[in-house]
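Structure below; questions to follow.
Which chain is which? They are A, B, C and D, in the order written, and residues in each are numbered from 1.
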Amino acid sequence: MKLLSSTLSYPSLLFLLSRMVVGYNNGLARTPQMGWNTWNRFGCDIDEELIVESAKVVAEKLRIYGYECYSVGWHDVSRDPNTGAPRCDPERFPNGIKATSEKVHALGLKVGIYSSAGRYTCGGRFGSLGYEEIDAKTYAEWGIDYLKYDNCYNEGQSGTPLISFDRYAKMSRALNATGRPILYSICNWGEDQPWNFATTIANSWRMSGDISDRFNDFDERCPCTDMLDCKLSGYHCAMARIIDFAAPLGQKAGPGQWNDLDMRKNGGMTFDEYVTHFSMWALLKSPLMMGHDLLNMSNETWTIITNTEIIAINQDPNGQPGTRLWKRPLPEGGDLQLWRGELVNSSFAVALVNTSPEEQVVDVSFEDVFRDLSKEWREATYTVYDLWEKDEKEEWGKNLGSMSGGMRGITVI
Amino acid sequence: MKLLSSTLSYPSLLFLLSRMVVGYNNGLARTPQMGWNTWNRFGCDIDEELIVESAKVVAEKLRIYGYECYSVGWHDVSRDPNTGAPRCDPERFPNGIKATSEKVHALGLKVGIYSSAGRYTCGGRFGSLGYEEIDAKTYAEWGIDYLKYDNCYNEGQSGTPLISFDRYAKMSRALNATGRPILYSICNWGEDQPWNFATTIANSWRMSGDISDRFNDFDERCPCTDMLDCKLSGYHCAMARIIDFAAPLGQKAGPGQWNDLDMRKNGGMTFDEYVTHFSMWALLKSPLMMGHDLLNMSNETWTIITNTEIIAINQDPNGQPGTRLWKRPLPEGGDLQLWRGELVNSSFAVALVNTSPEEQVVDVSFEDVFRDLSKEWREATYTVYDLWEKDEKEEWGKNLGSMSGGMRGITVI
Amino acid sequence: MKLLSSTLSYPSLLFLLSRMVVGYNNGLARTPQMGWNTWNRFGCDIDEELIVESAKVVAEKLRIYGYECYSVGWHDVSRDPNTGAPRCDPERFPNGIKATSEKVHALGLKVGIYSSAGRYTCGGRFGSLGYEEIDAKTYAEWGIDYLKYDNCYNEGQSGTPLISFDRYAKMSRALNATGRPILYSICNWGEDQPWNFATTIANSWRMSGDISDRFNDFDERCPCTDMLDCKLSGYHCAMARIIDFAAPLGQKAGPGQWNDLDMRKNGGMTFDEYVTHFSMWALLKSPLMMGHDLLNMSNETWTIITNTEIIAINQDPNGQPGTRLWKRPLPEGGDLQLWRGELVNSSFAVALVNTSPEEQVVDVSFEDVFRDLSKEWREATYTVYDLWEKDEKEEWGKNLGSMSGGMRGITVI
Amino acid sequence: MKLLSSTLSYPSLLFLLSRMVVGYNNGLARTPQMGWNTWNRFGCDIDEELIVESAKVVAEKLRIYGYECYSVGWHDVSRDPNTGAPRCDPERFPNGIKATSEKVHALGLKVGIYSSAGRYTCGGRFGSLGYEEIDAKTYAEWGIDYLKYDNCYNEGQSGTPLISFDRYAKMSRALNATGRPILYSICNWGEDQPWNFATTIANSWRMSGDISDRFNDFDERCPCTDMLDCKLSGYHCAMARIIDFAAPLGQKAGPGQWNDLDMRKNGGMTFDEYVTHFSMWALLKSPLMMGHDLLNMSNETWTIITNTEIIAINQDPNGQPGTRLWKRPLPEGGDLQLWRGELVNSSFAVALVNTSPEEQVVDVSFEDVFRDLSKEWREATYTVYDLWEKDEKEEWGKNLGSMSGGMRGITVI
């Protein structure tokens, strides 16, 4: 992925490109949240020690890169029989969730929790449907800063945007009523078009089924070909399929309201594939939630998740997700894709994505990148900076020919 | 586009062709509204001076062609904390909207305003959802004649025709209750089939996502292939795609109730492409709302938007949108399309549209144009008049062979 | 179309084939209704004289063939300002509708009327939405026997089966409350799957957009490719497209509850095409409502609509619509289709439909016709009788080879 | 179908594969129910004698294989005019249903009954819609253990998951209120995604239209290509089409909540085809309800339905339906499919399904079977046991090459 910078002025670009975005404004997630979630690696098998030890890793090594949200994970087995309030597992959290979250806060991090807008959570614990107020109140008392709110066992409360909105808005209002700013991350797997209905009630929404740790397989458990009206979001969705699903949705996101492409996976793909994964999540302004074991992190993982330039794309104040300019099928399977994102300071991020099993050497024309922009942009000359190679290569403009590149996954142009 | 006139009598044609249309009848828009809208060119950056200066251009130069609606643009930042009524920006409209609209009325024009059936407008200002009565009352007091009513931030109130109907009917009833005739132009981007649900509550409805200033690109931000049940109308919809979207919908429009194909764009297409744009908007009986800067208008633009014959097609009292008779893909991309519209006085408008990148020289058979009409029409002889070349060319009938034509965009037959 | 008769016993056939059908049971339409409707030919331009003169034709010439329903047509301009009851046009019906219907009753026929479950009828007159009780009561007082109930201007009351059911059930209950048996024929163009929701409230339901007088054209005004979830039923649907639409729906019909394929057209197709039209409407157990001018009927029309064997297929007491066994595209466009219907007395109606522009000479295998039936039927020998040629040709069975046939439209096998 | 066993430990497999499942928990159907249903063979023509005689066959011969649910069949003609309670036919059940069920209980079996969440049952008898409480109470009094609850004549109460949930939840609550554990088997043919909405209210849900006794025909009466949003589930769905429909749905099932693929058919397919039928129903964790005449059972049928290893796959405590890893179309029609199911004790069931008319001899690569699992599983060596041939053949692992097989229907790999 490359950064193109021009000397043109910023306002006229924004005027052409942006659809102004307001919406849910609890002051949070003006740029996509960054953090770590215990689920992918540990499931329900967490306790205070794991939480605190991992938080130390985040605080010591990752906070300087922007990661600050932190998952306490999946709440626990029972409700108080008198009050109905959620209770944690005293064996796993002997000092209570509040004590754990104080320790995490002391490290300068934020604390997340998980529940579901259903009768049970997806992990089979009790859900919050019908308990929104007591649960929100308890979270606030526990010092929670972040709620991931899932969709399992929703008892038929989906099928129109209004039904889904009502269900998720209940928790939104309950969180706001606590007075504590709590980032609200909903996870209804893209059902009923959350990019429409959730913009005024949530900071982010998952827009597809769960990601798998695969690059580009079709998996029948993730059966839809797009997410615009998918009736079975499923899971085991390969990374490149989620990119496809997200491609038309960027127009609905912006500061305080993000498409969530699911957590970063770790272990089943190649380095180049993870480069694509991280780069595209950044360009699409997805929350960047890590899913791997922080206590056992490879150098490759480290290199990827601490690329400051890529993180800067994700955290760019402009807050406009990238647009896919074209997608071209390849005879050997997969496709080539050209993406462009508009950044502050008259800059663009441009990505060429290759989802085929073969290396592709292609030219990208200047005209393709700027075709739908105004004359000033189509005729400017740009400085090109490679965000992974980290070197400045050349100038590029209408009369400077095309650029070539080729590798599996994302590539410079 | 050509006008075919015959000497056959008018009633029997109508009997065969028309589906009688009643519906919303506030006395307005018996033919599609014509006017100017500030948004495409100026966004939120408008003030009294711009409004009045532009209105003068409309009044002096364009009113004689039929343009009379006029946009005051996007209403403003705050509501009165006591009454809840909308308030304008005192810096931009120091004399109030009412004073501005009086100046526009004095020029013989009508005044439009914008809001959204949501919590916010698409421009991020407050919306009218829940404030329908106070807003309609205020508009009437301000002397507003026209409301464009958008769809952003609707809090999940879409997904079935009934939910959308209820939301938009609220404002319709509020406008009617003011006693002032206010043209009601809804803009829910074709969601939930407004051509069905809006016929008794609105004068026009947008039937797709926002138009872009491109002829025929596929843009992933406008992802649907038709509008019959599109779940993400989007924006950046190329002009030819909107023609495709509108093709089956003409049957639902008629006097007082129109499919709105979005505003006329300006700047990104060629002269021939704009000829197609304007001609097809006319033939499909779309409102003709100009979107360009009236104070800086090219000769080409002037030539197009003041073609009186094309405007006459749009304003024909019959009020029947044209029908696409066939659409044939071309090997070089794009397609050829044959259209026919029924006019008063036993006349027809016929258009051949070429959306390919190449000039096409084709014959159009007489039989194709009249195939689904009754014997009288299939056997008549017609006088052919070219609405852009403006000359009468020849007679055409069953035994007079086929006619040929070819150019990018719309062409004579 | 041929009738195949075997000597096998009847009950075991029915046990295998039938899905028992109960449902709306007002004692009417135990076989599909047969009659005449003024709309296709005369629109709103009807009066007492036309009605009575046409009724005489039906009574004298057609009643013996089973035609007995009869349309008074489209009700009239105004409601009584005091009672809200519908009033007829005193110029067209100077003696009132009741007097007209008495004259029609005196001829031994039944009388139909038309309204819409909307604010207006499709003809632009007042609709019955919100007036179900007073309208039903008035119809009963007028001696009406049959209500065709349309869908225009329904104010968004569609989009789920439940919304549509509620709207149409209101009139059903109102009709039943009058105590007069009134055949209830709903016409919501197949929206929201009336073959599911209407079985307990109506005698028949239209299952698609309006038919055109064309054999097999695609017309963009009838844009859907099937009716299972069509969001724009439209009109100008060619006859062969309606056959396609109806093919999967026969399973939902039966005595008292029929798929209505729309009225018989007249004038735009060839004799062979009309033979197909009438035969397939009969086999699919559609109501047989004539739409042509009874006072000016050609010999060809007469031959078709009085074919007693075809009518017997339609009125067969078994009441099971035919099934399409296969549909095979042809290189010249169109397709071949094989249909089978189960009749009383161990008989079958079998039809081979050709929708291509060319004559097709094909063999039909015995096995194809009986493939999904039990062994007894697959191994029986049948007497074959041609319902248009009206001669008995031969025996046919598993060991008697295949049969051939070929003509445009329907053909023997 | 083969069983692959490894020596790897069980927990880490489950952690990777399982989506924990909770949901409807009335203590029943922790593994899929097994039993017999009278409908396919006898329809409404049942009486006490047939029920009891057939039950004896089940008790004597089949109970040891796990079959224990047993159908009393379709309830009867009338409701008590005073109480509204259902009454049985005194001629068919002269001693009452309760006496019949006591006889069946005495044989050690469970007793099922049938009704519909509609105004009528599909067999034309009265339905339970609006009578949920009195019907559930009566069933409990009769000693009923199992309710199959159908969808006919539902009066428009479908179209969103919430509408369907509400209708089916009424009976669920009524059954629970009786205090008697009654297995609740809903049958709404997959409408509105019961795999989402029914998980907390029912033990199983039919997920498609009715099965036919055909291997792989397309039948227009079963018109949908998938079940994710099918608007006409229909009937006459060939067995292989139901496998297609079920393929993405396994993720939603688990202990206490199963996808019901419909009853086992008998008579229209070959032995190999029935082997596929039974094997795949087992692998997909469908309830195994026999539909044939127990008093006249062929040796082939006996061989199939008493294969203890296949039944063990179905009843495996892990309760995870198999996943389709790939499906490849074949030039002669039909396709090859590779399936894998995870079992307890580090074992897998693997199936290669051939739906073409030809024998296929193919190699299956080790990598294909384990591709999406973790490294331990991808590198293990497995003992392979053939569940139909019942012999242990060989070891298979990453370095042991591919395995071949071929026959119509399911085959070993």
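The rule is simple: contacts are C-beta pairs under 8 Å (C-beta built on N, C-alpha and C of every residue); 3 or more make two chains touch, one makes a residue touch a chain.
Keep in mind the model is a prediction, meaning the values are calculated, not measured.
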Note: chains that touch chain B and chain C both are none
I need the common contact partners of chain A and chain B, sorted by label.
none
Equivalent interface positions on chain C and chain D, same or different at half
different
Rotation, 0 to 180 degrees and nearest 5, that superposes chain A on copy chain D via CA atoms:
90
So how far apart, in whole Å, are chain C and chain D when each is placed at the average of its C-alpha atoms?
39
Between chain A and chain C, what's the gap in Å when you average each chain's C-alpha atoms?
55
Give the residues of chain B touching no fewer than two other chains, as numbers and ranges.
160, 163, 229
For this assembly, give the contact graph shape among line, ring, star, complete and other.
ring
Each pair of chains that touch: what are they?
A-B, A-D, B-C, C-D
Contact residues on chain A for chain B in the complex?
15, 19-23, 160-162, 164-166, 169, 192-193, 195-197, 199-201, 226, 228-229, 247-251, 323-324, 327, 371-372
Chain C partner contacts - residues on chain D that touch it in the complex
43, 119-120, 122-124, 153-160, 163, 212, 214, 217, 219-221, 223-224, 229-232, 234-236, 267
